[in-house]
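Shared between the two complexes below is chain A, which pairs with chain B and chain C, respectively.
Coming up: the complex of A and B.
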């Protein structure tokens, strides 16, 4: 079968040596900029209908009436799916058999549990008719008062935070540490609710053929999506075929298949025709996850030398009224600073919102901006330069566990980043520097960190008699560059030039590549690919070294190396044979093998594994008007082995921009009475525009880490946000002398304080 | 989307006739109206597409030395018209500080004058909004109202007018030429808009069928060309509406202010002409002391409509800064970050 995605239009690359480590241009770039890369919403199967969600305008209560007749009488409307008119499900959408299974609203009742919850689906011949049909439903409600904000209700200690971490962790005696401290600070910080806002809204095109289901939908986790759909519809996993070659951003909101996507499948079932359902931008503010707001209190103490005696980090957050996900913000204090005593704790309240979920650096980002602000405040209280203070308190072993780090080049990040930025010119006191136009200038920094995770993945490698290779894994390209970086690993694994490898990814019929999340996709899928390549090369070597006609005869399987489509004897490189010759003589059209990637439990038990970095920011502030502009950012990161420096640089840029966005721009404004989000659009929910993005500079520090995984990869997807948000916030303080502890920092904060 | 009739009249009288029916709305570029229709905020029964009307896309000199701008001239075309930008630099700067390059390429002069408020409660059809549904109430009054009006508001409505373009136009005594059922008439732009009072749904003095065909700047509007600026403060550098903005235009004679024009944006339901401030400035010395007194006068009647006390002080400071910038002279070229406080930052030559 001809693969649908052919990356043959990529520009020619000039390379010297191995594929890994080369700054290849993304191979799908030309497809994307010419509009030839098919995204889910671009699909249009024959006979397709359009589905549009009707969503709740109240945050809590129930729907008492839907004017289905009015909607149905609108020209073009085919059907209206409601709680009383929908295909049966094999599983209760409110069932929860594991912590990563989140409850969905699939019209199982008339209950409303948050604003923007789907309450009906209108299916029509055209998008316009379905949209108007949804408007004509004019629901009436029985409304209960909405619980909004961090003080909405009694708080409680969540059973677990983030991906199953304990809510309270202690190491040493924080109270004793604070009592003994020469200097101490006690400060509270607030972060708002944020929404993923991927450029591509969640979209699905679903077609049923009996009990077989074909789907086009963006997914960061194809196998998990298959499993969830199989459970809900009571069909075997192998009956479900998902295509997800490209995502227009995911950031965690496409990690698990969401309720609206399932509604698209149900709509197709109901009408017996293919159905397309694309979320409107405002519909993304509710049923597809978000970053929960937090209020974090940090208490720090230091001895006379500026060494931390205590670090307490308490985070209050929210979850939905009906499910459990808790932003693990306080855990950011576990790994960076060597305090004699550390205590982290969490509490939560239930509010009438969609369930918060993973959003790029979940917990790490929210925790980092508070921690890095507090560290800055502590350094100032001690009269020590904030970088000097961080270096002084840098942890030799992971503070909370006492484990050694598998590798940690943070010191080099500090020094190289500071040098590149010119940090050591910085005056200690705030509000000291003005530029030639009279603007206040401030410099701030923050430490970046993110765990080096591994999930589970499989890959299948094939070598063909024409000397080419195939590597297959159901990997996900969310824009980070998997089509390129994983193909580079595949090429090296197969000992072939990258243009001789057909790399297949992005569909559910390929081996499970795990989830593209936790910054672990390149590491996890990459190791699977690496192992599959090694396995198929071993088979090939076996053929050659047992064959008396081969120049490699007798070398033994371990006695050969694969390079440029040939096997060479390790002890005599002049003795070699091409893959094609070996297979042809053996009369084989192709050979194949599989490989897996997963965490090594022994290494995990022995080492703390994290990527690190240091981010430096310069801001300018209008002294009278309070308008802020970030003018310069430098990030130095140590993240293990870098597969593709060009893609990595872009990933880190993206993270740093998001960090700036966190400090200065992003906030979902919720009406405190109705619980509705008042800015659910990209005009009013601000993310930086080009004119806000400063001169960015990224440098990476080499790290050889033999423990994280066989390829030494730590991942770069999320670390860029951490450190950066705090660096910008600290720079604003340094420019103005005003410490703003509620994010995003606004003009009014500076104006009213000055 | 609601089904609607679409008509494309060939002449202005045909357009006026077609748009006089209840539920009709004019469509030009649609940069605001189509968004409102998609959100169910506006639900017209008939769209009268005026984009094919002849003769409305010209920029013409007037006998009095002023200029007449056809209602269908695109924002970007007007801003980049060299002689227009030279004569009315604050207007060009305001135009280029608004929206995005793509929107400016599409949006028309006439449409810009009639753009609707960005109040979130106006956009959110589940909220009470007297402007959208007369008599329904105002959920903004006790709601999230950090960015709402501090001048001219009423308990019925605290929304602001979002245009940048209109702020220097009001300062320069722009006039709109309107064709209606009774023929053609001129209305000062400042008088086109109504403050909300008890009837915020009546946003302008336009009657059903009235079509803005042109905008005129009088002959004396170019007298300020040497000292005219627009300043816009916002949380992000581009593609954001003003928290507060100001147009400041000065005519200096022998080192003192012969005449001044000041208008504020983002503070009221209309672009706000600060007549009292102009009186303070007239005859004064162009210095900080005079500018501060003018700012006090401009905001004398201001009061917060919610969580927006800061906008009053911000507006005062913006008035002072805009006047200072105007006094120091119109720059040779429109800055790379038009209207931004950071427009003077070296190296900031991004295309905003």
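Coming up: the complex of A and C.
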């Protein structure tokens, strides 16, 4: 039923070397370019039915009628799942026993709490019949007025923001710093609601066999998904098998299993047959999370030398009427710039929307565009080049905690990026440069930063008597390249060529690899792999060094090194033996060991750990039409050890384009009367297309960081957005002299100001 | 009334019963012919993930009703490689890392093939970017995509020059 996933080795002509640090092409490349990589919606178990969601067209109220009879009378429709006709759940979907458990709509009532909320599921023989059945439900509603926008209601201070951060942080006296400032600015910025819009809509194929559940669904966190499903259906975790070898993008929206995915499992239980449920694109604007809108106020003061005397960053955001997630935008001001006084604070209002969620660089991206714009405004007020201003205010230690950085090659990013871009040619004043066509040319920059996080992971390593190795961890590949980068770490950990290592990932029966988020997956799962490799090598060394027949006899465990399938004596490398010989002589078919990866609490207490970067952007603006084109971007990033430069380049490019998109493209537009999103599709919710993407250049600055984790990895998945969004916004100002503080920047913002 | 059509899919003639006229080419390929390489990203012609060639031209298969394509010659991503030998575009996408998650990749490659067939873009990166802009990539692997298409176009141009010389 399920095609086995067999990664094809990279063809020889595509190979550039081996293992960590080498720019290997993707090991899943051939599967992906031939259409053979199986995504969840590609599965088709025998006897499968199709399920289609019916979603609410109001934002608040309740469903008073569903024409189930009409839907059921449509040829091919098998059943309609509604609040009064659904399988029982073992747990209230509105229960919340930990902060990472989000409430979901699983037809527990007729209440509607946001537009596009699932209100029924139609199950049919064909996709066409299920789709038509959902349309035939023609619901009627009792509608209450929708609460929309940042001013919808009384605001409050949330108990925590982002992943459990304090909502208010104070260091020094901001008011005193502002009062003493030679120059000050006070500016407000608005960012819109954004939707992840992974190319692959959330999808699930679910099959029950008694109390055993087999599912195909994209997941950035297999173990969490398993736990949530186990709770909701009252079955043991080990009864749930999830396959998620490939995600068609996640960006945070697949970090936690969503309501619609659970509805697919419920539908399969209801009809007693395998069911496939795939979200339509418009269904993704509600029940699967989004980045909340913000209004941020920044007050900055500087002394006569252009040094910050105060930095205040306040962010107002929204959450849903029924659950809590708060975009931690102001936290972006905690680490980058030194200031005697820093204050960050948050407030929020409840609105009738799906609950916001982590979206690529949650908090950091949103806060970064405001902070980097404000820093640019402050530099201009001081008459200082914006890069010089940033260098002058660069934090030598983490400003609030006072901790030293575990490593921080930001100065080098500034210098190298500026050199590559040609930054020092830039005139200080805006609206000074035109190209040969008369377009206004502007240059802007921003500082990038993202915390170097670690979660928890486990891995299992095996060495076989034929000299090959296996590494297992339930890692997730959402495009960042886990199948390749983690296999590179596995190969080095086992001391084998990568083609001698079978790397298994992407299913829930493997050791928990932790969540693929927070730019921490390669570090976390990588360290587990590294440790599992070291543990199995230690076992092998033990066998050899205790065996009188081995050339390694007596060397002691610490006295051998593993390389290319052989153990060598450290003091005499000519004395060596192959793994295969050691195992064969010991009469063992294979040996195995496990290893874990987690943050080191001691290092975390002693050091501030962040990746950094500098992004430079050039825009051209049509002075008559206000049309903005980004023509060039250069990013320089310092993110610890780079496992695979080819994949890292793609990750950083992707982030930089997301940053550009934040500044110029993305916005979910809400109808204030109905509370419905007016552009829930890929034509009207603008994301960059190929023609929007400029010439991109990225360079990485070497960092050897012994503190972040044993491999020195900081992560690159999200940092590219930060800095980039501000760089583009600042370039628009530099081109036009118009400072736009509401994102995305629109043509009309420039024309109205002109 | 049960309708039926016949299609040539990746060189193989298929006679297909179509009891439901609402079936799109995309859903026919994915749900009935087990050709799941072609992807559904939006189902309304906005993302390009479902791009296939119909009679040599690239189309969004989600916007095409199967029943109106009787007799069509269809090429999907599954029809490009010859056995183990990848099509030059497929090899170039790997070499230039023209994808991350891979979900839009079949559509990108089929669109690139269509673009090359159209003979509109040549070796001009700007025109390639424009010609590939019907295919969204949320991972934003656009730089690699453009490099991959450019690489193949340059190889083709060089081959053409050799033949002329």
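By our rule, the second predicted complex is superposed on the first by the 744 of 754 C-alpha atoms of A that agree within 3 Å, B and C clash if a C-alpha of one lies under 4 Å from a C-alpha of the other, contacts with A are read in each partner's own complex, and residues count from 1 in each chain.
Basically, a residue touches a chain if its C-beta (ideal position, glycine included) is under 8 Å from a C-beta of that chain, and two chains touch if they have at least 3 such contacts.
For clarity, every value in this text was computed on a predicted model and none was experimentally measured.
J.: In the superposed model, does chain B or chain C contact more residues of chain A?
T.: Comparing touch counts on chain A for chain B and chain C gives C.
J.: According to the stated criteria, A:657 is in contact with first (chain B), second (chain C), both, or neither; which is it?
T.: So A:657 only meets chain C here.
J.: Answer with first, second, both or neither: which of chain B and chain C does A:281 touch in the superposed model?
T.: It touches chain C, and chain B stays clear.
J.: Identify the partner contact of A:691: answer first if only chain B is touched, second if only chain C is, both if each is, neither if none is.
T.: both
J.: Check the residue A:128 against both partner chains and state whether it touches chain B (first), chain C (second), both, or neither.
T.: Once the two structures are laid over each other on A, A:128 reaches both partners.
J.: After superposition on the shared chain, which partner residues are touched by A:478: those of chain B (first), chain C (second), both, or neither?
T.: In the superposition, A:478 contacts chain C only.
J.: So in the superposed three-chain picture, is A:246 touching just chain B, just chain C, both, or none of them (first/second/both/neither)?
T.: In the superposition, A:246 contacts chain C only.
J.: Can you list the residues of chain A that touch chain B in one structure and chain C in the other?
T.: Common to the two interfaces on chain A: residues 128, 132, 683, 688-692.
J.: Any idea which chain A residues touch chain B in the complex?
T.: 57-58, 75, 128, 131-132, 135, 435-437, 439, 620, 622, 624-627, 629, 631, 664-665, 669-674, 676, 678-679, 683-684, 686, 688-692, 744, 746-748, 751-752
J.: What residues of chain B sit close enough to touch chain A in their complex?
T.: 1-3, 38, 40, 118, 120-121, 124-127, 139, 142-144, 146, 233-240, 243, 310, 313-314, 317-318, 320-321, 337, 340-342, 344-346, 348, 350, 352
J.: Mind pulling up the chain A residues that touch chain C in the complex?
T.: Residues of chain A touching chain C: 10-11, 14, 25-26, 28-39, 41-42, 44, 76, 126-129, 132, 197-201, 246-251, 278, 280-281, 477-481, 646-647, 649-651, 653-654, 657-658, 681-683, 687-693, 696.
J.: So in the complex, the part of chain C that touches chain A is made up of which residues?
T.: Those residues of chain C that touch chain A are 20, 22-23, 27, 30-31, 34-44, 46-47, 49, 76-78, 80-81, 86, 90-91, 93-95, 97, 99-106, 109, 128-130, 132-146.
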